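Submitted below is the structure of interest, expressed as structure tokens.
In this document, chain identifiers A, B, C and D correspond to the written order of the chains, with residue numbering beginning at 1 in each.
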């Protein structure tokens, strides 16, 4: 779960990290209220992606009218596929200096890595490419967390020795997001040093491991529902499906992530565009197939669906029956191609044919067939 | 700092460990109030030593009058040198079974050791001697704490597998007293399993590392002043002296713990009884010597004082002057023998002699001299 | 011959009395796997599927001499189960459980440094199978045939597909290892490839990777330093967009890292044939 | 010859700019100790007592090649200072600081397992001195004389007393090591005795123990297995009552454990002469 800026800041504040005063606004009037309380504010689009500044999602408001106008312009704006649902109005900071502080999971090292750089305010990936030495790194032992001397070394390595005390204290607090909240990535960029020497989080990103939701019900409850972007992904999540929207017109269902991904690849190879990734998991139960089909058919762009399942435990004839029932229940009229393999796959194919569904002999053949059918606009 | 039972239970409760309802009482009326709120109660003397039950420090009260009488009898009682200042009135438990759970520092292993035994209610040292196999042990890694599987193994090893879930959860909470409070020893004995299956702390001991006081000011504030037993030790603590009351009649001051202990040994060897152990630390500053003398002279039993200092950094003549000043400031009339060595020790001895204080040539000679002087009742 | 597992390996199942544990223990037994017991806290002393059940792995190891374990416990308990197995001296730990928090696995990986005897496969993996001999996990026996092809994969059903195709083409397998789809894994491609290199019965290798991370690149680097195996690699997710998790927590492209392109290029540079579809694998392997 | 420390050992001082650090650095220099620098966070790049000051131990080691460190930082920072020294590759760490929480030291001991090169003396100790050559810590040079007696002690001033007496009697010392009075220690009596056994220049040994714990008993056990040193032991606290801490956190008798009697008996059983007062030590050692 990627938290929005204001949510991430709430969490960081709970760990003792200083944040500027700020208020969420969903309407121009709320922005005016925030202005009257906070004075000049930055009005910031709340979306779980970077680059909102360049996209026009951040505006400074020095008057109540400017605040009102900023909200009117920003809310509803589309930023990298996310429609902005609300803004965060935050007291403007008197910036002396900008620093980068964050952590992420280093997959190769199979460890968390803390990152500190004096080059704050820039995209850290860009810093990593252009000035790799400008980023100091620390791999804390996951049981011990970062030790004081390691944090000091990190800060000195980053050339920030003059801020050693406040920075080591702050990074120690930031790190608590790992044991306390199962954070995978946190980023305070910029970490602002104000003209009077305070160190305060200018922006904040925080990603919580979805696998740890059972340990952090309070986070899920508080932040889980605010924004999910894509409506099909929201619906799929409710139905416990692993679903990713992709923008094409061919719905895809597969069982197993690798199988599903390779199905997408085949559809593109055949000249089509997948509308989604939808992994229904190891089995291929009728109910799950129906849920997946239902979500895919919500999307008016979808012109046809390809189902690719390997019958592991479930037998081919049962998978076929389930697909037929799902189609009938949903009164689906769009082209449907099914490729299945596994035990009793021949019986399964026969059932499909009897019910007017064309089985594909191989995944590649099936991919070509659905592309052909959706291009032609033919109904199966 | 050894907490009293009710204090230890407050701390354990803050860690999530169930404790019976209870109230502190300092007067018979408060005990009656506790009775009217809690019903039948155990009235328990609050002293930081074991064995209070055998000493008559625990009484069951089934009526308000019994509660009143119990308090009247227990408060002021002397239990192993501690005058009982207050009692804890605790709702009586419906006991099905008694278990031992605790931890301590194993000096040889230089690690904490968790101890669990089905033989609860008995003194654990006795169990350790008579039925060593009845105690299961776990040495948790100090950074990781006890892992779930280790706790399960511990509980099964103790033959308490039927209580694995509640016990592992409880021990995990108990262990938090180490990272959260710098506990050195904790003991829940008995841990009571009630007739309806609840697991609840019947008694509790908790010792907090004095060296960690700077990390736990709240504990010090809350519990530090309630009870310290010996009035001289309380006074010495206020003056930042390392002082232990011992019951004899010869006051001892030494610099360095080993030197001070060996001085006690010499006094006893010479036929005397030390009134105290008082280590004034590495140096021998005049002010500190005066503080130490002042505390020792509070004790009316003291018939004379032996000072044994090694002049490390401080020169002998300065040490001697300091002692003379301290004696004069305190208008001390009792016999005083000083043994000192180090730089300018001869000059120091001369100063002492000039001021009517007999220096000892060696520690052994000084010990014999002070014993002799105090026996004779002669004033120096 | 085979790697990691054969018909003599003594196996226990952690979580043997659960639904998944029970079902797959029976499947493992059906293939002939030497399952010698299982654990289920509180059920120690009972019998399940004709096997003794123990409260702890230490008890199970002591009583049975087991050297391998398959873990089928729910995600909140899985990290602890792995550490328990390692501490009890198990040398091959196969964790099928999916959905383990990544920070749990990071702590587990550190814990395992103290138990270097323990090899971990997974978590979130289908396990491994030595066709005709034994399996730990959930790979269906019927897609396999004994033979000379080593297989190692980050995917589940995709592996079954490829396995089926190989078996149908008469190319049996020495061992099939599913290393799992999580970002923080036990054994990686490189670890498994190294074992296949040292297994005389394995002459060919199929490597099924996917987008995200760089375990494929590392394996390619290893192979580039010299390999006696005829190898074909396949990467799924060529058309996946950046920043979207494709099912597996580990299958995500960030920036230019973890793309199918970089993985395929690494393999080609190492002299490994790259299949563009799974259908091509059998042909390229011949 | 000597153990652990001689005139060639490069030493840094952690907390060199503090009051204690400054004073004792000067004392160490006065004896000829090869002090090459010190640390004081935030003061890196400056000079103190003619020595370069660094922000971190890693920086100091890199710049000076120091192999030993004396720690004079306040108790809240001392555990971290020890770990910093170990992680930076220091092989002899001498921690003078008293009052370090025991749980901190337990964590430090576990941390040191990963840095087996690092020998820790203390904490809460006077340090060590090789008379005429070098010292780390606070043992006064004037109580010592170069010679053949190894000394190891849990006490501070008591050691100075005995050292004075030995020096006055013409029995100089090879090295004097104060291992400290805390319950959780770095090097123990046994560790130090073993080093003296292997030091040809040491022919005699004085061991000054006290009540509490069992490091004396362990050393006695070691000596009982064979020793080439003529050894005298002394234990302070013969008359201390049970359950009372005698100054040192480690000096406490619980039950029958840690008494002077059990320690003296252990030494006698090992063939070691036991002095009943410190005055007897010189005579017994001759």
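Miscellaneous remarks
The rule is short, and it goes like this: a contact is a pair of C-beta atoms (placed from the backbone, for glycine too) under 8 Å apart; a residue touches a chain by one contact, two chains touch by 3 or more.
For clarity, every value in this text was computed on a predicted model and none was experimentally measured.
Chain centre most remote from that of chain C: B (centre = mean of CA atoms). Two chain pairs, A-C and A-D, are compared here, and A-C has more C-beta pairs in contact (counted per touch definition above).
As a whole-number value, the distance joining the C-alpha centres of chain B and chain D reads 28 Å.
Between chain C and chain D the centroid-to-centroid distance comes to 52 Å (mean Cα coordinates, whole Å). Chain A and chain D have Cα centroids lying 57 Å from one another.
Multi-chain contact residues, meaning those touching two or more other chains, occur in chain B at positions 141, 143-144. Residue positions 107, 111 of chain D are each in touch with at least two other chains.
The touch graph of these protein chains has some other shape, matching none of line, ring, star or complete.
Taken together, the chains touch in the following pairs: A-B, A-C, A-D, B-C, B-D. Per the touch definition, chain A reaches chain C in the complex via residues 49, 105, 107-108, 110-112, 125, 141-143, 178-179, 182, 184, 209-212, 214-215, 242, 244, 246, 254-262, 264-266, 268-269, 274, 277, 279, 282, 309-310, 312-313, 341-343, 362-364. Every residue of chain B that touches chain C in the complex is listed here, in rising order: 144, 147-150, 152-153, 156, 161, 164-165. The residues of chain C lying in touch with chain A in their complex are 75-76, 99-107, 109-111, 138, 140, 142, 153-161, 164, 181, 183-185, 208, 210-214, 218, 234, 236-241, 243-251, 255, 276-279. Listing the residues of chain B that touch chain A in their complex gives 141, 143-144. Contacts from chain C toward chain B in the complex involve residues 41-42, 44, 55-59, 77, 80-81, 83-84, 87, 107, 111.
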